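Sharing a structure with you now.
Note that the chains take the letters A, B, C, D, E and F in the order they are written out, and that residue 1 is the start of every chain.
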């Protein structure tokens, strides 16, 4: 029930406060009553038919970069240890 | 799927696993409670265990809305469906949770009660519009994630003047539960992985009180397996460094203040209950919401004069212990014997976010192999 | 023009009505429904005899018999309908013994008020599926239940077929070390059906994979007569079907998640609904289990058939007293693939 | 004790519950329902294999296949239940080709909430009927539909059998001058069922005649291999069945009302309800049509069998381009015996 | 069955046949109208025709309650079931009678309307008691035989204070119809076989007016085939002797005054309508009953503000002609072509007491042989 | 619908104003609200679940006798004619 999934806004129906979002090839109508200024191309976190929050591509990239870094650090360390 | 597949990447997982293995001090044990069932589910479904060193252990917390709802409230829902003959709309897992006398909403449905599974509270609104001669009650459960949609639906119902729609409100509050866990005696947990989606609404700020008061790290984390691993790494680092801070792994969604608009809508519709019973935790002060008087017409508790009686959990079921991190599913003597997902005894075996269900469905082989 | 034709002969007149209780009474209305709707579409000499049973010649050998009730909702879905499904499903269960399907029977339970036009469409679809497969429907039955005691139409098909000499395929024949093959992507049928459920609202272009697999099986059996197990992962999906086989054969099964073909639509819909594609029904896929030394030969035979272009080796049977099905995840961890618990998706076939 | 046994092993635990949607989901609950209820009762080696189809050896020759959906209400009636009925009905349709029944399949559509104890009773009854007849149920299927989308249980049985050399029985083989025989009294089944309908309130001690007729047919065929037509006058009763045959064979049929056996209970109940016993369903009776010179021989063979002690010659086939069924009434006049019009008695089989 | 089988005896039939053959004067034609559909049914089902001489013919009358109800009233019943959503209870044959726009109660039922066939008005009462939250309407049709049971049920409902039960009253009166037939021009009938069961209630006295006024014999007769034959013989004798009297063949049940208790109960509950439309006969004065004001609460016409619109019969259907004895079923060009019992165009093809249905079901071979 | 059938009263429930009647071996509960003094052994005409009237065995016998007589008369007459 705590299922929530990032999806891309395809179009916005301002009158109804709804949007069509795309999750890969699948589309779904959701409510955007809980967020502000939703625009096509933006990503939102969809939960029980509602957008709960926008998803920041920059922060996502930053998170992935940190993960990559942690892995590289570990590799270096191991390499270092092996070299020691 | 963007922002999904990247966070399930095997190469990154290996890297994080190596980092954790390197940073986890072999001499010590790290006991990390993932507050949310969403984390529990991810850990088991993706086999995160297999990538963690022996001395880093996950303890499953109470963050499963289906699991924590006490039996008395499910009895109330049954009463609404069976005695008041309403169309009772509920999120899926709730249907199978055992209530008193080995009953459940699913059994009531099989016997003819009009119980419907919905994916969104909006479906319940639609059902109400389509059945004007029937009473439609939305059995609202969940933490701060499902609460804002329920609030929107109540505002819609009021605006439309829907006469046959009401909400049986069981929304509960994460910080209160965390507080309760931390003040209780004997919690053997070093750090917390904090809620992801809840925090998208309430932000990270509410956890600051806990790190300050109880000096245990809290890392807010997403529900993808890499998120959980990275959060574990961040918690280990804090513990190694003797820090106890609120850290945010889930920066792509969570901010310090969360979703202000959602919070405002929730505040307009709901107010705090003085106390609410949680399965496992007992009565927890200020831990739940009720519908404000301005929406009283849509409050099923008022409309149907619902009185909640405290009902005992099933005998021998250790859900209560499990929900406060005191026991693991395998410690329950019914686990896999009398209690399986097909025939659950306790709520933790029902929800896919329940620890017992996750352990049984995805992790059973670990026990048998051991 | 006879009275009968006056009532039923004109296509329009017939198709504008609905099923009434009298259509199930065994009188003239029943006879005419059979003649003008069922027999018209399913046209074949055995059915045309109009007896309560079909008679035909058979040769000596091993024969198989299988039956399936179809209660799918909605009745029409992208890529098929209950009619084609009922034909494919039963042909496939015959084929899963390595057998060549011979004949089908079909029994209908109609709900009072069901539009005759829909019934016509369904029976036409059955006829087309049966003709395309070369497996005629030779006998049938029709019953009508009151409004509210059924759900439009239920169709039970039964099939018989003959097993080629030397073939011995059964769910209890998997051995540790055997290789598990899958003929293509999973979950297409279930997601196509779900996408048309009233209470679910998502859009996808996915089509059901509903198809008759007997020609594929014929080529597989020709290439590797020693196939141990064949089974179509229908209700309960790959997960339930592999558990069935594991229990029957008393082996474990170990899967490689990365090897299991799955379409983006199916993945996405499953994420959206919180479902695991391993448990979503398929109606045009098969699992094969074969000795390891025949695996590549079998894979090649499968890939040569249009219905198994994406065939893959997805795992192997193991020694395991618990008969667990386990999977190495894409992520690098391990999990069980247990039976389906709960039932988020009723009436999928 | 395994988990499975913990849930299903204890008879009491199982029988106290009801059918849930999960029983139809194809997962562990489905498998366990099959194992602990269906297989326990229907126990035979072919079914026990647990495949989606049964495999068996057959000899060369003519084979028949038949199917019937059973939707009777109420499910339990004096003299039988839907389970025994489903076995008898399909055995009989096999036998009506003069064939020896070999195997049956059974497909169940269960309504959510249906008591498992009732299902248990029904399946036990099927097992008993199948054992008594010597015709095993070798494969099956179970589906579950939501409460309000079914009516307790529907059972579709399909049967196959082999036709003895030299026998050629079909509804289109009646010739003018042929003699029409009936194996016993009419209307017993229908009246027994109606007597238990909620909205009808009369009491009678009549029992359904539901019975497997294949041993009777075997003796009839042995005595008179040249029997032209056999048919069991089920739905629509004697009236509808004779009209079917008349149309198939393009002959008229002339009946003698006084010759048709009918029990006082059936007569009285029909008077009370305004029904004509000629249209009431039978489930343990057959109509035979034979050349006139073999009629007495056939009658004697029938009367020698316990299920046809009251067999009688009830009429003859005539030359009639209209294929009318007519009857000389007991009263001395003539009437038609038309197809049943309307449907005063739905769900009788 | 006592008092049944004796009256179907073949030997007695032969004797009566011989008597009729002897007494019917060869030079003249005897045209006898059996008023009731019950007689029509007996004549066809037992093949009475085969025992009558050529020059004695039966003409079928309007005595079939299903047949004479005009389409507008069936439209009203449909309106009750479909628009008002009531549980509509009706005697069986009524369900198949075609209404306007090719509709029928059976079709409404197939589309989801709650239409139930009952064997007795008491079943409708039971349904009302068992469904207190639903409106239950009994679609009351019939002559003086079904009227007393409806009256008893209304008294019961009132005594019990049943709030959800009402009656849509369509009870009609035999003498008014007979009067109408006799006053209409061109009725080619020499004598009448009068109602049996109707007369058990109203007695034979009401027919005395007709014999006196119109000088045609009326012989009240039972519904068994021997009753019909004996009545025919009695009518032939009257005609031969130039008499025109009310004679009672059905002395085992019918008396001059009928059932006084039943008549009293009927009078308490019902009163005459000024006029009522009959299919075939048109508006017939004083020919039907309505529910008295003292039972107004149970009158569905009032409760649901029913307005009856006159609706035309199906084109080419000759029911109207047939019901007043002006035509025979075979004179209708739809008979057996567009119109059969499976797919009736007019009401006479529906009821087992309808002339077209009886002729088609039992007598068709006569036409084909001719 | 004008179906009515003579049946024998087996027992009477005065309180409920109902009776059990027998039609050959079949039994049925009917209302006797429309008739007076119904007693076991008596025959009544049953119609839509109600006894409409009692059936008189004497008059039934008289009717059958008249039928028989008519037949005999006819036979005699024929005989007479033949003898003439």
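As a working rule, contacts are C-beta pairs under 8 Å (C-beta built on N, C-alpha and C of every residue); 3 or more make two chains touch, one makes a residue touch a chain.
It should be emphasised that the depicted structure is a prediction, and the values quoted were computed from it without experimental measurement.
Using the contact threshold fixed earlier, the set of chains in contact with both subunit A and subunit E is C.
Hopping across touching chains, the smallest step count from subunit D to subunit E is 1. Chains joined by the most contact pairs: C-D.
Of all chains, the one whose CA centroid is most distant from that of subunit D is A. Remark: subunit A and subunit D have CA centroids separated by 62 Å (rounded to whole angstrom).
For the pair subunit B and subunit F, the distance between mean C-alpha positions equals 76 Å.
Computed centre separation for the pair subunit B/subunit E is 70 angstrom, with centres defined by C-alpha atoms. Listed for subunit F are residues 3, 5, 23-24, each touching two or more other chains. Subunit E has residues 1, 4, 14, 92-93, 119, 123, 340, 342 in contact with two or more other chains. Counting only residues that touch two or more partner chains, subunit C has 20-22, 27-28, 148, 264, 267-268, 271, 274, 339, 341-342. Those chain pairs judged to touch are A-B, A-C, B-C, B-D, C-D, C-E, D-E, D-F, E-F.
Chain contact summary for the complex, subunit E toward subunit F: residues 1-4, 6-7, 11-12, 14-16, 18-19, 21-22, 36-38, 63-66, 91-93, 119-123, 141-143, 145-146, 148-149, 152, 196-197, 200-201, 223, 226-227, 230, 233, 249-254, 258-259, 261-262, 265, 351, 353.
In the complex of the two chains, the subunit C residues touching subunit D come out as 20-22, 24-28, 30-31, 49-71, 93-94, 96-97, 99, 103, 105-109, 138-146, 148-151, 154, 156, 158-160, 163, 170-172, 231-232, 234-237, 240, 243-244, 247-248, 279, 281, 339-343, 345-347.
Those residues of subunit B whose C-beta lies close enough to touch subunit D in the complex are 106-107, 109-112, 336-338, 340, 342-343. Listed in rising order, the residues of subunit A touching subunit B in the complex are 1-6, 8, 23-24, 31, 33-36, 43, 45, 47-50, 52-57, 59-60, 62-64, 66-68, 70-75, 77-78.
Those residues of subunit D lying in contact with subunit E across their complex are 199-200, 264, 267-268, 271, 273-274, 322, 324, 326, 328-336, 338-339, 341-342, 344.
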